[in-house]
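Questions regarding the structure given below will be posed in turn.
Chain nomenclature is as follows: A, B, C and D, assigned in order of appearance, with residue numbering initiated at 1 for each chain independently.
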Amino acid sequence: MALMTPAEYKRSIQQMKVNAYLDGRKVENLGENPVTRTVVEATAKLYELAADPRNEGVMTATSHLTGEKINRNLHVNRSREDLEKRADMALLTSQTLGTCNYRCVGCDSLNALASITTEVDRNKGTDYNKRFNNFLQRAQTNDLAVSGAVTDAKGDRAKRILEGDPDMYVHLVKKKADGIVVRGAKMHQSGAFSAHETVVLPGGALRKGEEDYAVAFAVPNSARGITYILQYNALSAEREKAEDIYHLGNPEFGQRETCLMVFDDVFIPDENIFLCGEVDFASGLIQRFAKTHRMNCGGACKVGFADIIIGAAQLAAEYSGIEKAAHIREAITNMIRLSEAAHACAIAAAVKGREEPPGSGVFMPDDLFGNVAKISTAHGFWQIMALAGDIAGGLVVTMPSFKELKNPATKGYVEKYLKAAVPAEKRMRITKVLQNWTAGLHGPGTWHGAGSTQAQMISLHRAANIEEKKRIAKKIAGIED
Amino acid sequence: MALMTPAEYKRSIQQMKVNAYLDGRKVENLGENPVTRTVVEATAKLYELAADPRNEGVMTATSHLTGEKINRNLHVNRSREDLEKRADMALLTSQTLGTCNYRCVGCDSLNALASITTEVDRNKGTDYNKRFNNFLQRAQTNDLAVSGAVTDAKGDRAKRILEGDPDMYVHLVKKKADGIVVRGAKMHQSGAFSAHETVVLPGGALRKGEEDYAVAFAVPNSARGITYILQYNALSAEREKAEDIYHLGNPEFGQRETCLMVFDDVFIPDENIFLCGEVDFASGLIQRFAKTHRMNCGGACKVGFADIIIGAAQLAAEYSGIEKAAHIREAITNMIRLSEAAHACAIAAAVKGREEPPGSGVFMPDDLFGNVAKISTAHGFWQIMALAGDIAGGLVVTMPSFKELKNPATKGYVEKYLKAAVPAEKRMRITKVLQNWTAGLHGPGTWHGAGSTQAQMISLHRAANIEEKKRIAKKIAGIED
Amino acid sequence: MALMTPAEYKRSIQQMKVNAYLDGRKVENLGENPVTRTVVEATAKLYELAADPRNEGVMTATSHLTGEKINRNLHVNRSREDLEKRADMALLTSQTLGTCNYRCVGCDSLNALASITTEVDRNKGTDYNKRFNNFLQRAQTNDLAVSGAVTDAKGDRAKRILEGDPDMYVHLVKKKADGIVVRGAKMHQSGAFSAHETVVLPGGALRKGEEDYAVAFAVPNSARGITYILQYNALSAEREKAEDIYHLGNPEFGQRETCLMVFDDVFIPDENIFLCGEVDFASGLIQRFAKTHRMNCGGACKVGFADIIIGAAQLAAEYSGIEKAAHIREAITNMIRLSEAAHACAIAAAVKGREEPPGSGVFMPDDLFGNVAKISTAHGFWQIMALAGDIAGGLVVTMPSFKELKNPATKGYVEKYLKAAVPAEKRMRITKVLQNWTAGLHGPGTWHGAGSTQAQMISLHRAANIEEKKRIAKKIAGIED
Amino acid sequence: MALMTPAEYKRSIQQMKVNAYLDGRKVENLGENPVTRTVVEATAKLYELAADPRNEGVMTATSHLTGEKINRNLHVNRSREDLEKRADMALLTSQTLGTCNYRCVGCDSLNALASITTEVDRNKGTDYNKRFNNFLQRAQTNDLAVSGAVTDAKGDRAKRILEGDPDMYVHLVKKKADGIVVRGAKMHQSGAFSAHETVVLPGGALRKGEEDYAVAFAVPNSARGITYILQYNALSAEREKAEDIYHLGNPEFGQRETCLMVFDDVFIPDENIFLCGEVDFASGLIQRFAKTHRMNCGGACKVGFADIIIGAAQLAAEYSGIEKAAHIREAITNMIRLSEAAHACAIAAAVKGREEPPGSGVFMPDDLFGNVAKISTAHGFWQIMALAGDIAGGLVVTMPSFKELKNPATKGYVEKYLKAAVPAEKRMRITKVLQNWTAGLHGPGTWHGAGSTQAQMISLHRAANIEEKKRIAKKIAGIED
């Protein structure tokens, strides 16, 4: 089967019966609701990009299962070049969408499963890898949009899993003849409701006794028992109220839309289960997911966003006639520096990638550089926001509604007093883009995406070869033990 | 006359006919429109605070004109203690409102005028100071809310005032027998539409030939020819749509509401004119305004906001059960450090204040510490936002609507999965407060308030005694010239 | 008795038999050894400054014990104005010396003892305060240089006091009829060997069972059993080798010279003992010491150093002809900003100071601002070093010896190729000053002075009223418990 | 001919008559003078590393001129893999030496010449490339140590080249039948006196009329008219005085030793001239040099140093028993993060390298990532120093001489009071290493190496495709021009 077209994707989503709620009401039509529509449009755009011959090799890959051309979001990385292309895909989609591509977590989850199932099977004599490959091949053949789900609700963090409400982490509640029943909730799910399937992983390391929580599986979007409760904030309201999407900061694709994904006793058939009880592999699974995801999230996705911000800030400076000022040039250059330092980490993570486990054919990026990518971006993105906000000027905060441009009582004033080196509307439009980036949810969003910085600091400490550095230092010091 | 009560203030505003537009429509009733209402409520709260005996001396002062108790926002600082109390007032109002107090720019403009008119009169033989005192006494006696207006529209910054559209800066267009007619627009006016009067200053230094732009005056809110075009953004839309203000990030007082204030041939009678053509004093006037305003804005107002953020972040940590983690304590401590370093600058600016000009009785804070206060806050506030966003967790980005708590289909899920050490609603409420601070317009808002950092860096360079430092360094180096 | 003159001080030091070692050899004459001489000269300069009428009130104070004029280094702060003057003294001495004034720790230790002995006596019925006042009056009357000693050797930090070698903390080893015998060592003692007396405090909080470690006392420089082992580093060697002190980075006063001060069974007579066994007051004593010391160290001493650095950097820029470049001006302004933000914290700490304990007449600075002062400086000083190093240029690293200016083979070349807007020698001299600051021991020295930043972060967290901030945040959030 | 051995190198240097001055005296024997000896030892170590089979391919390469195995320092990069190996070599030598490898600038200058001479020849019909290849082949065959010289004396920077003393920039003063005579001086030459040859490049872009300054050439170390005036500072003095090099911070290889290299009418034969008058290529030459050099300097050399610092800091923490503290782990992790972010930039610069000019066979790293590498390190190294200084503790500033360990009067005290989890000597040794890094000349040295950050910011702005970012931003904004 060929790659899905944007139109086919939209049709397929219409046909699924998704149980999704936004601002206290059921979403009747994902593609028409002004908020959820942005997710559908962004996902459709990904199908469009994959069909564009200019993106061949970046948005597409060759399946190692079938030899067919597939969407790279469904590809298991088989080489360092694959890892580089994977990051390039994240960069391209961010530059194009200015928001989440909604398939990133899914793609990285698939890679983590491809790797860990090989390892579990080798150690436990299970056949998860075969099941996984069957699922993957089906997804590839039908060109499905696959989301990934990782973070559990957790509740009171002072309590371990088994101490609190057992449902705060997704877990097996019943074994059946041909599958299992799971309960719990995954938080912060980016656009999951508009994917065809979701791949669910345990959210962290597990101990003996917590076997019921060591479950990984795939589940269709419209499975019985799944409810999506969507995020809602000021930008949601603004979009709902907007008469013209071009009055918004990211007209077509909006902000990142997430949801709480509730599993209320959902049945998972055996063929979709890729881990079930092997607590000693939960940590490895999540670490491998984090490995690829931090590379992409920190060193590619946010770099694409930064490109938009830098371009918009430069335009805003030109529109105001201040682009030649020394401190403006310095601010632009610093944004580039911060963004490209993270970008370099993704490239390094890719080219220093390794097959993992050996013999699996699955390539994982270097963990050290992947974590540095994400930490650099977590700090750097706030700085980029600050620099862009500096250039954007006070108007980024105080701009009036675009509707004033149609209001006979104010139109003349706004056109007159907000024009600068370009007409008012153009200046307002680029200012609105910058408002979205400097005064939206991007600061904490970037910080917490792919896990918070604290988690990456721990990973980085583990990934670094500190013993080797001690050896080098002792040699210089002339210390012999 | 006694201080105005909140109810009297609200009534007085209702009686004024304010020509204000929001999102393309005229605001019919400032106190009822959900957006403008927040400004009215915040201003009313200031009257309430002034009436509270616990705030005696902070919110009130003794008029040097009448010897009566007045609102400190209408007071001219007569001592270092006055400057300290002025900063304390800014701190208290920020802690109480969590948004702009809307009278800060007005207060600092009045102080700048009290100082500069003395100086102009001495040099030019004018009688601006008498006019100003008459105006001030009237404002004090009637306990008026007085706003201040500084920043011109400016347009293309690559052009000097006289090169571009002459209206981009507020200026005199006609002299009349008993006054002048002015035209132009002031941007970024915080809540000006809900004040009784606005004091207008030139926005920057002026040169010979630009006499028409050297105008300072007072003007009532409802003067003919004045139009307010209000800011509009996502938070405006959210508030308009909200069925319950407690679903918002700052329920009662909202975000800072600003406007473009257009002067379309507005007549200003002589008695309200405090500068008219004296180009060589424009720079001094704006510098004295900046002096007090940067102290208050950087070292007091934002410190009060930081107190809210720190308190909310600590609560969020406790509600999630993570408050004992080392990195959480470190983040809290760093927020305090950043905020109190700016606070210290305001205290230092006040206690190192000086009478200016000598013999005027008007006290101005130290310019060096005032500028350091604002620059420290401009950088520090972004860091505080980042630290608070870290503690708040991903939920600060992805939280669903409060309406889900009433939605039978989702209520149970939200209550179950968003509870932690406290019930879901409490956690959502504090998270919403943090969303307002870490994902609202506060980053660039704080940066640009009281002028952008670049302006303060220039002022700071000028305020510092670099020659004295060179002398000290030469002595250490043993260099004799 | 009048204040001591510099000459009298030098004579008095010659007469003491100090047991001091530098680079493996005994120092025979403190005033002649090129390294220890800098400490004697710096201390003598303090006596000179105190005698200068221009410094009246800053370098001197009026004794509350005798009503006589005394050196402010021996004064107990009796008001907020005293605290301000105390910080002004630290600023002045740093600007003048460009190195440690060597009496700062002593002064702050005396203040801590004045406060805590009042409190111990009230609680325990002891008479430490009287003893202390007798000692202080004697020091004031004879205008003695008094050093302070706080930090113990500690050894393996993973062990508590009683677990490891008992001597790693100074402690009582024997009680005698008329006094006690103490053993241990204090580290990082700035110039202690050139003071007349040293006041010794316990280095940290103590628990029940550790009574022998709760000792505070005064001891003369030449007491039997005391050995000073001086620091030795590259700058020591450079000074030893220098034929002309004007070839050095701080010609007259050198770098901060410290020592390990060993107490090998030293007898302390009862009248010099100010704490002995009261473990529950050790923490309070050290906290009060830290309170004043962090204010002075962070917000005044290092600000004086920064003034030298800023002045030298500005001169270096002018000497190279680059002072008008935008990034140079920005660097200078940033140095001022960083330095003055710390300075503001000292001012705020002083003006928000309080009598402690109430009724004691002893004034202590505000702990919150004092800690912020030190933390701001700890970070800021590294940044100032970096900015100064940027302006200084590569020459700050690569400059040749001043002796080349006398070497016939190279003199012409150096004069020709190192001249710029000024002759080579002048440029080399200011570059050498900057080398001392950007490439000496100042980074870690500033960081660890008055305790490391980690200690101050803990103090700051304790000093901040977080409960009040929570209350404010709850009010904004509409949360009622 | 085979690669040179360390012994052969040392012999060859002894045979050259180098005119070098240190601290006002002629250096009679480079290999015996305690200061210059470190440069000879470091250079010899490079020959040793090249001979070690474990470093095959990193320290060696295959000459494209002869097909022979050569030292990589003499290799022209012919592929991206070469660029990666080039950076790996810089990393390895820094980790091994803890100081400059003294051949880095030479290597990068050779690469710049290989590239630009191709281009000049194509445009001007010259035969510089052939000359250059002849020189290079001779250097490769004899395995010569080749230094590079770039930065001119410059003098007063407010003046252009032709306005001031003409000698402030190296330039042609006379044309002869078979060569040219040059005059001027190059500053900051790392170890040039211990190389066999130096390759000299113009220090910056040149304009028409400045043809005499557009000279590039090779010159032997002992050429008539060349004088080396060596840097001299505190660390020089310490080394001169040291009785045992293991009392020093980098015992064997010392600090980076630089010199002022004076050209007093030096004759350069035609065959050694690679540019002569082509002003329009001066800028390209220096930019290509900067391109490779910033990659290596910022993203590899300093990363190797950071590895030593991190290892030493970790050891210091373990030796003091504090390595488990949360803030120590965080500091270690942050050092890794900062260092590896720069490392990633070098890797990215290499893998994104390109043939330049096309058809030349010469590969240059990507300029954008190379500049980001250096800027990241310039800022990051100061932070690493600060973090290491934090961990090292006050002892890094106040430690006594190692000679006290042999002094009967103090030996017992030092052994007792400086021991912790390890004996005192071991702790002192690692502390001395950290003193070298946190309190030496590394801050400004790192900042200014490969040009100051300001130069790199300009290069970065030029290297970034800002127009493309504007295009992306306009698309998101819906702006059509």
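Please note the rule applied: a residue touches a chain if its C-beta (ideal position, glycine included) is under 8 Å from a C-beta of that chain, and two chains touch if they have at least 3 such contacts.
Values in this document were obtained by computation on a predicted structure and should not be read as measured data.
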Each chain counted as touching chain B and chain C at once: A, D
Interface sides of chain A and chain B: same vs different residues, half threshold: same
Comparison of A-D and A-C (more C-beta pairs in contact): A-D
Chain A-chain D separation of Cα centroids, rounded to whole Å: 41
Chain A-chain C separation of Cα centroids, rounded to whole Å: 52
Overlap residues in chain B, where contacts from two or more other chains coincide: 327, 330
Pairwise touch network: line, ring, star, complete, or other: complete
Residues of chain D that touch chain A when the two form their complex: 95-96, 98, 246, 250-251, 307-312, 314-315, 329-330, 332-334, 336-337, 340-345, 347-349, 351-352, 368-369, 372-373, 375-376, 426, 429-430, 432-433, 457, 460-461, 464, 466, 468-479
Sites on chain A touched by chain B in the complex: 21-26, 151, 153-159, 165, 167-168, 185, 187-188, 227, 229-238, 240-242, 256, 258-260, 262, 264, 320-322, 324, 327, 379, 382-383, 385-386, 389-390, 392-401, 403-404, 406-407, 409-410, 413-414, 416-421, 435, 438-445, 447-448, 452-454
Residues on chain A engaged by chain C in the complex (per definition of touch): 326-327, 330
